[in-house]
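Each structure below appears as structure tokens.
Paired with chain B in one complex and with chain C in the other, chain A is shared by the two complexes that follow.
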Partner chain A sequence: MEELWQALGKAVELLVTFDAEVMEASGRSLAIAATSCSITAFICLPLGSLIHFSRFRGKRLLLNIIQTFYGIPTVAIGLMVFVLFSSSGPLGGLDLMFTPAVMVIGQVILVTPLMLGLTISALNGVDKAITETAVSLGASRFQAAIITLKHARYAVLTAVIMGFSRAFAEVGLALMVGGNIKGATRTLTTAISLETSKGDIELALALGIVLILIALIISLTLNRLQQR
Partner chain B sequence: MQKNTILSLICGLLLFILLAGCSSNGTGPLKPQDRLQVATTTSLYDTDLWGYLEPMFEEEYDVELDVISAGTGIALEYGKRGDVDVIAVHSKSRELIYVEEGYGVERIPFAYNYFLIVGPESDPAGIKGMAPENAFKKLFDTGSGTFVSRGDDSGTHSKEKSIWASAGYEYEDIQNTGDWYVEGGKGMGPTLLMASEMQGYTLTDMGTFLSYKGEMALVPIVDEGDILLNVYSIIAGNPEKNSKINAEMAQNLVNFITSDEIQELIGDYGVEYYGMQLFIPCAGNEPAS
Partner chain C sequence: MAIIETLSLGQKYGRQYTLKNINLRVDAGDVFALIGPTGAGKTTLLRLLNLLEKPFEGSIIFDGINTTGPNSHYLEIRRRMSFVQQKPVVFDMSVFGNVACGLKWRHEQSEAIKQRVEGALNLVDLIDYENRNARTLSGGEAQRVAIARALVTEPEVLLLDEPTANLDPNSITKIEEVLAHTIAEQTITVVMATHDMSQGQYLANKIGVLMNGKLLQTGSPDDIFSSPISREVAEFVGIENILDGEIVDKDGNLATIDVNGTTIQAISDYAIGERVYVFIRPEDIILTLAQDITSARNTFRGRIVKATLIGPLFHIKAYCGFPLLAVVTRRSAQELGLIAGREIYASFKATAIHTIKK
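Right, the complex of A and B next:
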């Protein structure tokens, strides 16, 4: 128990002194997760609407598959991305291994099923009468979709927050394709993993607390937005 | 309208975070000739030897050195795939194959130390001070102690297998003989912690043992024997195999590590902190055990 208190003290110390390495790792974690989350949102909101408003054979199966991938292990995605982007892999020519860019690509793949599935659920939660009314009043399909999205905005925002959290907190992928390079691809989570393997449990715990604090701040901010 | 406000606020926030992250990022994408990537075995990384040498090398050659900490198994794989330019590992037989297959230019030993078998103070199997092979034999025969293996194809794991072989056992026979043999599948540090929790024995390199000493209840049990020699080598990737390898800078790193000045620093590294020498420099020569 004492270890936890010490770690808490250490976390506060790291934060108030603006410890350079911690700030850098936090900034990188945020930047990578925010980038991948934004890209994923740009894919998932339109795609989710499209799937929601389309009727086709196998839709239920598709939704089941998407849901199955909600919890796909990050190391599995990491391995796949590694094989693709490794120098001798099919996309090796892009020279992206061990860069933040390939971490973003991996996170987009990781988060897409979750955000897509939750977006579709969010749209399902909107009263069908709203869409039908919009159409009967002469709205185009696109306009009707926008109106529905608007009504589902809280749940859609939740989908985006969930996606961000998954990206921000993942470590397997970041370690595998990022390489945990100091000053280049080290994030908060990979730093925690490294400090643990080095035996500096206190620092690792402190970094964990920093991670939770940042996640809390973001979640509070977004929730405020949600309540407006 | 409200949704637009929310959306623009979110976008603004994300953009802000992104910019904050990028500015702290510092290193944008560099041209390949400005960047050298080395995959290193965890013991060289966790003792922070690379952290110590990296800034010196970067300054001397005006290059960005990326150090990726990985077990010997995956480090060799990175090297084969051309994902890194240089590897620093410790498993002689596999290194020789690596060079023979043309992935590496030359295997250059640059430092060594010794492995040791550590275990609980009470030494339930009674193997203290024995030769490593005999100690393993007794562990196997009596079954009165737990042995925690890395089980991860690392350099340390290779060494453990070679001790079993030298003691006259097939490794497969060891793996399937019961609860006393635990394959942890973890790095060296976590394996030590696990052995400590289970009050078992394990094979460790000196550096990691020293840096974990405070965290666990294990003491050196066997620390003498030729087979415990632990040689660290550096191998530059072969540009004929992978055109992306930064051959010139890779050679610079090899020259740097084996230079008199750096060899002396490696020899002195950690002495003050740990009260003993972590690495004995051997500048390109195979150490005689």
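Right, the complex of A and C next:
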């Protein structure tokens, strides 16, 4: 117990002195998650609108499949990305293994079903009359989609933040394809898991506190959004 | 020149037709009122005209363009119209933003947008609300936003679906004024659905009666109100006296009609022996206490069954061998002492009667 208190003290010290290692891992975690999340949003908002506004056979099935992938295990994606990008894999030539780039690629694949599915539900939540009114007032299909998205803005933002939260908190994928290389691919979550197993509880705790704080901020933001 | 023409237009959602064999012709500059009871298919027809739905059968020709044909440019055609829906939805943004949408979508310059939106808001008297979120407006105000939003694009065709339904009398008057002003000032074609016939009469130069998905009669308001083609139409346009009769004699076009043992003289084209409906508008009946010598050919002695004050008028139900409803002003009802049980004489001219074959 004594040891734990000591470790916690050290952890707080690391935080308030802006310890370089803590800051670096936190910064990288945020940067990678933000990048992958932006790319995913860039894909999912138009794609989600396209799926929502089109009528085609198998739409139901597609929506079901998307939902099934909401909770796909991160290690499964890790394995897939690993096989694709390892030196003997089909994309091995790109030489991206153990770089932040491949971590972003993995996170985009990981988060896409969730953000896509939630974007579609967000659009579903908008009164059909809004879209129809826009069309009747002379909006093109694209213009009608934009105004519908605007009416779903809080729900769409929620989808994006949920995606960010999943990317930010995952560890399996980052560890498998990033490799927790200090100064290159080490993130909050990979550092925590490795430092803990190495026995450096102080650093792990400091990193854990940052992780929890950020997760808390995300969750508060989501709560605010859902009340609107 | 017809700007809108429908050919055997039909729509159905399930097994039953909601609209069947609609052949409508609206000329440029017309104000065409579609009247009909609830569920008649007015909204469905307007939605089809606005190309929001695809018809089950038939076609719509807009300014010579067959909209159901291949290569139909829905967006281009739709941008020449505006539609104020029955339950208008305002966008979750400022009143200004709502009205500006249509212009933005047509890629107008922002200076022009500002000017035209403000003009439209002035017209509907909402200029002071331009920065308010439209979702906070009352029903009547939201309706005015919807009208401003439709007019601001200066459409060639304005489609209105019950523009004053569920509104208070003040809002109705205001909206009717705006519409009358627009119709007078602009070269615009209007197709409006309403179940308020007086509104149709006030604003429209043509009326189409839609019932049960069928267009039963089209014509000038006067045609429809004085010569309905069927009992259903007559009832709908408020002809409350509908009697069953048979033509028993003819002198030129003056017919003698036997109604329930009483004879009525009427102008009619039908021949002796025809069974007909006899329509008499309540406002064409004159009630007196003594048998005046009037020019009216029909005078009947009867008794008042019931007198009810509705708005400014007394509705008098009487029985003169057949039931009859008359309306008189409050003042004359009081002067004559028209109360239940009172004996009266009811007279009406032969020309005030419209007959149709059963």
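Here is the rule we use: the second predicted complex is superposed on the first by the 200 of 228 C-alpha atoms of A that agree within 3 Å, B and C clash if a C-alpha of one lies under 4 Å from a C-alpha of the other, contacts with A are read in each partner's own complex, and residues count from 1 in each chain.
Keep in mind that, in the parts below, a residue touches a chain if its C-beta (ideal position, glycine included) is under 8 Å from a C-beta of that chain, and two chains touch if they have at least 3 such contacts.
None of the values given here were measured: they were computed from a predicted structure.
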For A:L157, decide between first (touching chain B), second (touching chain C), both and neither. first
Looking at the overlay, what does A:I130 touch: chain B (first), chain C (second), both, or neither? second
Just chain B (first), just chain C (second), both, or neither: which does A:L194 touch? first
If you stack the two complexes on chain A, which partner ends up touching A:N223: first (chain B), second (chain C), both, or neither? neither
Where does A:N64 make contact in the superposed view: on chain B (first), on chain C (second), on both, or on neither? neither
Does any part of chain A touch chain B in one structure and chain C in the other, and if so which residues? 150
Flag every residue of chain C that touches chain A in the complex, lowest number first. 50, 52, 75, 78-79, 82-83, 85, 87-89, 91-93, 101-102, 105-106, 149-150, 153
Residue ranges of chain B in contact with chain A within the complex: 2-3, 5-6, 9-11, 13-14, 17-18, 20-27, 29, 32, 37, 42, 46, 51, 54, 64, 66-69, 80-83, 187-190, 192-193, 211-212, 214-215, 242, 244
Quick check on the complex: what are the chain A residues that touch chain C? 127, 129-130, 132-140, 143, 147, 150-151
Within the complex, chain B is touched by chain A residues 23-24, 27-32, 34-35, 37-38, 86-89, 92, 95, 97-101, 149-150, 153, 157, 160, 179-184, 194, 196-199, 201, 221-222, 225-226, 228
